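Take a look at the following structure, please.
When the chains are written out, they are named A, B, C, D and E in that same order, and each has its own residue count from 1.
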Amino acid sequence: MSDLFDIVMLALLIATAVTVARARDLLAAVVIFSMYSLTMTLVWQHRGAPDVAMTEAAVGAGVTTVLFLITIARTTRREKP
Amino acid sequence: MEVVDVRPILAPFVSFLCAGLVFGFGRSIFWRRFFTFLAAFIKMALVLSMLPGTLQGVVYVYQFVEFTPGIGIGFRADAYGMFFSLVSSTLWVFTTIYAIGYMQGDRDRVRFFGFFALCVSTTVGVAFAENLLTFFLFYETLTICTYPLVVHAETPEALRAGRIYLTYTLIGGGFALVGAVMTLNAAGTLTFAAPGILGMESGVATLAVIFLCLIIGFGVKAAIMPLHGWLPIAMVAPTPVSALLHAVAVVKVGAFGVTRVIYNVFGVELLRELGFATPLALLAGFTIVAASTIALTQDHLKRRLAYSTISQLSYIVLGAALLTPLAATAAVLHIANQAFAKITMFFVVGAITRTTGKKYVSEIDGIGARLPWSMAAFSIAALSFVGVPLTAGFITKWYLALGALEADAWWYVLVLITSSLLNAGYFFPILHRAYFRQAKEPWPPLEPGRRFETPKTLLFPIVICAAYVLLLGVTAEVPGMPFSVAQVAVDGFFAPVGGGP
Amino acid sequence: MRPWSLLLVLLVALPLVAGVATLPPHDAPDAPIHTQVGALYLERGVAETGMKNLVTAVLLNYRGFDTFIEVVVIFTALAAVLALPKGSAPLPKGNAPLPKGSAPVPKGNAPLPQPDAARSQGVGGARSREEEAPEVASDVPVSPVVRFVVRLLAPFIAMFAVAMLFRGHITPGGGFQAAAVFAAVFIALGLVLGQDRAARLVPVDWRPWLQGVAPLAFALVAWIGWRLTGAFLGYPIDDHTVQEAMGFVLEIAIAVGGGVVLARIFLEMET
Amino acid sequence: MTGPWAEALPWAIVLPLVGAALTPAVAVRHPRVSGFWAWGVLLVTAVLTAGLVSELVARGPFSYGLGGWAASYGIELRFDHFSAWVLPLVVLFVVIVPFSWRYLDHVMPDERRPPFYALLLLNAGGMIGFCVTGDLFNLFVFTEVVSLSSYALVAVGGRGLAAFAALKYLFIGAVSSLLMLFATAQLFVLSGSLNMADVSLRLGEIGGGTAVMVAFAAYAVSFMVKAAMFPVHVWLPDAHAIAPSPVSAVLSGMVVKVGIVGMLRIYQIYFGAEVLELGAFNLALVWLGAISIVMGAFFAIFQDDIKLMLAYSTISNIGYIVLGLGLASPYAVIGAAVHVFNHALIKATLFLAAGSIIHQTGFRTLSDLRGVARTMPQTSAAMAIGAVSIVGLPPTAGFVCKWYIALGAFEANQAPFGFALVFGALFIFIYYIRMLNAFYFQPPVHASVAQASETPWSMRGPVVLLASLCLILGVLGGIPLTFVEPAVLDLLPFWGQ
Amino acid sequence: MQPFGLDLDYVAVVALFCVGLYMLVAKSNLLKKLLGLNVMETSVFAFIVTAGMVEGGDPPIMVAGTSAPYASPIPHAMVLTGIVVAVSVTAVALALIVQIHAHFGTIEIDELKELP
């Protein structure tokens, strides 16, 4: 059970990371990155690190994402091919 | 007998301080001259004050700083160093007087005189260096300090000459550094000592590399033949600088270094065993003849003198490399003899250029009438180089020939004779043109209100130096004169071996 | 570029895989990580520090110095953002003709482009491009519903952060999390209210002090600890009240200082 | 056992950091005050570090358990002979900061001064901490303080290209920090401890293993990036050339040394544990150093921009240090250790002098700066002394290091490297000659060069002071050796000598 | 869970690290590079947290309802610090990117390199 959860989560992590890499729309990439962070949060929560999970949720998925969004607003949303 | 005394370090320091003062307050002509002369006389006094002690065999030493045990900067006024510093500090006085006259109205004189003083400071430092590291420090500093003098004119030609000069000397310095480092590695010390500091236990191959590195390193400045390329090119410098380069500081430091390597790093005994000195002596012999031959073809006065210098320097190297007391005496003596004669010649050439604007041998027909005193001095110097008795050059050749015979190498006597003939071959045409040909056009007359043929600041050093050439030739055996110092030095070199002159 | 990048990634990946493959298995209780210092902390931590959440104990007590330097790092980030030249603001005024030390480095022998030319080029060009560039405008009108919800929720989220802060020694969470939440609330308010109104939440006069409050509080506590126990950042082991008080000071300072720093970075980037 | 100064150890780190936190508050009314404030803080720090060094000299290395915890239980600060580097480091900061007071007039508006000086203080504090800490994770956190402030300092001077250079630096630096964190985590997983001495002990118990080696490789790459060794130097030239000159002096002189000090720390761990194949590793270092020397010199020769040329010479000089360390004979290591300081001194001289010249004339390429020595004689003289010193000609500070490293090369029977070292430096000098020729022996081509005036004394003073130090340390080369020799003797057992 | 003698958790971490590194190296867009850096950072944090876990362990919080074995608290503290450091670096990088865009009008490294 635990193994299954782990495998699914790890697969999801890699999938989101690859999606971040592939997304041409920077806004989408940032949003998917925040999903990646939240998935990571779940993994850590599961591994007995609630403190880290909370920090990652607040800082990694929260503050970092917002800072990225502001930057996109101030620069550009499209990654040139 | 070694005595701790502050004078060996004070002597270079005086010139160094003088350089600082010149850089700081040199904009005023009065203070510039004041400091330069003051330092020149103080230094001469310092060196002279050590002379009586030296003649009695006292060696003044002063340990300045120690980096790590056994490696440091130290000063040691032994007889050989004293001899060299006597020559250079005496000549500094004359060159300074001459330079003041020659550089009148030229620009950047602060820089010129500042680095001039630095050069002399480092030359004395080289003379009094107690070990190879100190020697190398001053040797390289000299390289750097002469650079601004060489490129003083700031023309593209001067800059090119400066670059070539630096390339030669710095690469030589690199070899010297490697040699010094390897010496320390092999011997565990760098302090010059009479029987030499290296021994057979380091292995012949290592010793060969060390010898090669050190000889290349110092041989560049001594202008041994394949390494001489910089010297004729560096002639673009102002004449006092050429005089300084050729007679006092740079080349003599190289020759001095070669001698130190032979006698105080390797030592007579070791070198006799190894036989490294023979190829060096052959090379020196070749240089003597080859450079003289090239000099024959030079029309530019200073270039002709430059090749003559190359040839004469190898007398010193040859004398040192023969490894006999008499030859060594000749080598040591020739440091002074060549210096005074050559500086006279450069001074005269400078005076000719200053007064008449002529630079080529072919242009000076009949100049003997216009510059009688100068050309008389020039003649004395030329006779000295040819080796006519009663001049300084004769003493060198005499002892060198005796030394060659002592070393069972009679063919060097032939070299000496050939060289004398060649010297005559390239100096006498100058005298011939000067005295026995009609001037092509009238020489510019004396400026009104002048009593001498050329400004007296130029003439005075010329005459004195020429007088010295005669004096050295006449008073060879008089105690207290340079000859006796040289003998003390040579005694020191050969003391452990036995068989002094 | 791509094949080389892949090659580089592979070159890095192989040793890393080799490295992690030979590590001791990670969830075995007898791995060194669980038998050395970590085990001692688990064994004595509560008694020595008075904190039930050992992560907080490690953060504030055993390895408090790390946390000290960590708050210095966020302060560094703020100082960095503040020290950068502002966006496309005009160059510094005053007598100086150009910022010489900072002029662009031309390749080749050409002299520097004249300052004015560079300025008009850089700034003017940037402006013209900027007009077309932003595809997400920062001042999109926010829907009234969102605005209402954010304003309604903000105090409660802030309260949650405070709660997290004060229960940090027992439950997960603590100063940093609270700081991040404070900052998030602030940023959310800034986005819906406009940053001018949000900026009023951090008064200008207090900013210089508030942004550095975390390192300052750490230094203060370190000094107190030094006075009390003779060791820098030392906590008196047997006095749980003092320990707790020192811990609280630090947590509050981290929360306030960290929050202000993050909020100010947000403000700086917005303007 | 320990004297009163040992107590000051944590405060010496914390003081500049707290000073930085206070800078914006102190300078809230008058932004220019921040410069004096930063100087004052550094001055006090210098006194503290001097005290620490005196303690070191009197009683040998000492450590401080933070929070009163035993060494491997909490965080340990350890002041050993390598840490003594903090004293010259802070002193150089003290000299450089006054230079920046007036220099910044043209670089940034007054209101950005407080954060600038805060960054400078953070940089100093971070480096002190880096040199002093005995804990691997703490080392990482201090690295981040140093790196983050360095990224920002590169960018403060200008927009556009400066920000781009800083961002390049940031990306490469962040990856290197990450590798360091990864390696730290691996060692932690392997040994269960973060204390350096403790980790070393446990690694000795474990013996080698792939993971141990991978951690070492990660550390090595990480510190190579920080030290800008040849293959990973790409971030350095732009960043150092474009930063304001006082910052260039700090970055080139000191921040790159963080990589060297870090490398030495990792040695201590690995060699103490005897899990590393010495010969092969030293050989690698020697070659890397030699390649860095050559490539740095090679790139420098093609630069016309004086600051870019100085930046490339940093790569070369780091190569000397690494070469010296790799040769692993006592003299070579002494030379390398002295060069850590002497290079900082020389590079500070050169960058500050170059900065003065650029500041006064507005030009930064050799072809534009012809004849500048006529109008700025003292600054140009400092530049000349620096140039002579950086190639290691006597009688300057650079010679002492080169002498010892060359000596070490022959001592270690690596004669080819000795030759390469000596002649490589000469090769570089031929380039510097071009600079001196342009400054001294060519007529000015620009009016602003011909009419430039000397810098104000607050800028000239530091330059002149540093240049004279270059000369003095060349003659009295033994002064730094007093500190360096015991450190080297301390380290050499690990080297298998 | 160790097929082929590989620890799957660790391998996943390395995979994430490589994805991040690839983004950092191969992508031309500066924001994408920065996202890649963040992915790398998270992967290293994941490595540390994973190393600190223990089979069937509870969080290291000594309150009622938890029992040994506990996960090690030190890695958690390390990661907390690491996360804060990461966000600081990200903030500075973003500020620089904003500047680059304001000055050059682009954040594509390919285009930045072509600028004079």
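In this text, a contact is a pair of C-beta atoms (placed from the backbone, for glycine too) under 8 Å apart; a residue touches a chain by one contact, two chains touch by 3 or more.
Bear in mind the structure is a predicted one, so any value in this text is a computation, not a measurement.
Engineer: Which contact partners do chain A and chain D have in common?
Structural biologist: Of all the chains present, those in contact with both chain A and chain D are C, E.
Engineer: Can you identify the chain nearest the overall CA centroid, using each chain's own CA centroid?
Structural biologist: It is chain D that sits nearest the middle.
Engineer: Between chain A and chain C, what's the gap in Å when you average each chain's C-alpha atoms?
Structural biologist: So the centroids are 18 Å from each other.
Engineer: Could you state the distance in Å from the CA-based centre of chain B to that of chain C?
Structural biologist: Each chain's C-alpha centroid was found; their separation is 70 Å.
Engineer: Please compute the C-alpha centroid of chain A, do the same for chain E, then give the distance between them in whole Å.
Structural biologist: For chain A versus chain E, the centre distance works out to 10 Å.
Engineer: If a residue has to touch 2 or more other chains to count, which residues of chain A qualify?
Structural biologist: Those would be 50-52, 55, 59, 63, 67, 70-72, 74-76.
Engineer: Provide the list of chain D residues touching at least two other chains, using ranges where the numbers run on.
Structural biologist: In chain D, residues 137, 141, 144, 148, 151-152, 155, 159-160, 163, 182, 188-189, 194 touch at least two other chains, as defined above.
Engineer: So, with touch as defined above, which chain pairs make the list?
Structural biologist: By the stated definition, chains touch in these pairs: A-C, A-E, B-D, C-D, C-E, D-E.
Engineer: Which part of chain A faces chain E closely enough to touch in the complex?
Structural biologist: Checking each residue of chain A against chain E gives 3, 6-7, 10, 13-14, 17-18, 20-21, 26, 29-30, 33, 36-37, 40, 43-44, 47-52, 55-56, 59-60, 63-64, 67-68, 70-72, 74-76, 79-80.
Engineer: Would you pull the chain E residues touching chain C in the complex into a rising list?
Structural biologist: 2, 5-7, 9-11, 13-14, 17-18, 21-22, 25-26, 47, 50-55, 57, 59-63, 68-70, 72-78, 80-81, 83-85, 87-89, 91-92, 94-96, 98-99, 101-106
Engineer: Quick check on the complex: what are the chain C residues that touch chain E?
Structural biologist: Per the touch definition, chain C meets chain E at residues 1-2, 5-6, 8-9, 12-13, 16-17, 20-21, 23, 25-29, 31, 33-34, 37-38, 41-42, 45-46, 52-55, 57-59, 63, 66-67, 70, 73-74, 76-77, 80-81, 84-85, 87-88, 122, 125-126, 128-130, 133, 170-172, 176, 258, 262, 265, 268-269.
Engineer: Report the residues of chain E in contact with chain A in the complex, numbered from low to high.
Structural biologist: Contacts found on chain E: 1, 8-9, 12, 15-16, 19-20, 22-23, 27-29, 31-32, 34-36, 38-39, 42, 45-46, 49-50, 52-54, 57-61, 70-71, 75-76, 79-80, 83-84, 86-87, 90-91, 94, 97-98, 101-102, 106-108, 110-111.
Engineer: Would you mind writing out the residues of chain E in touch with chain D in their complex?
Structural biologist: Residues 21, 24, 30, 33-34, 37, 40-41, 44, 47-48, 51, 74-75, 78, 81-82, 85, 88-89, 92-93, 96-97, 99-100, 102-104, 112 of chain E touch chain D in their complex.
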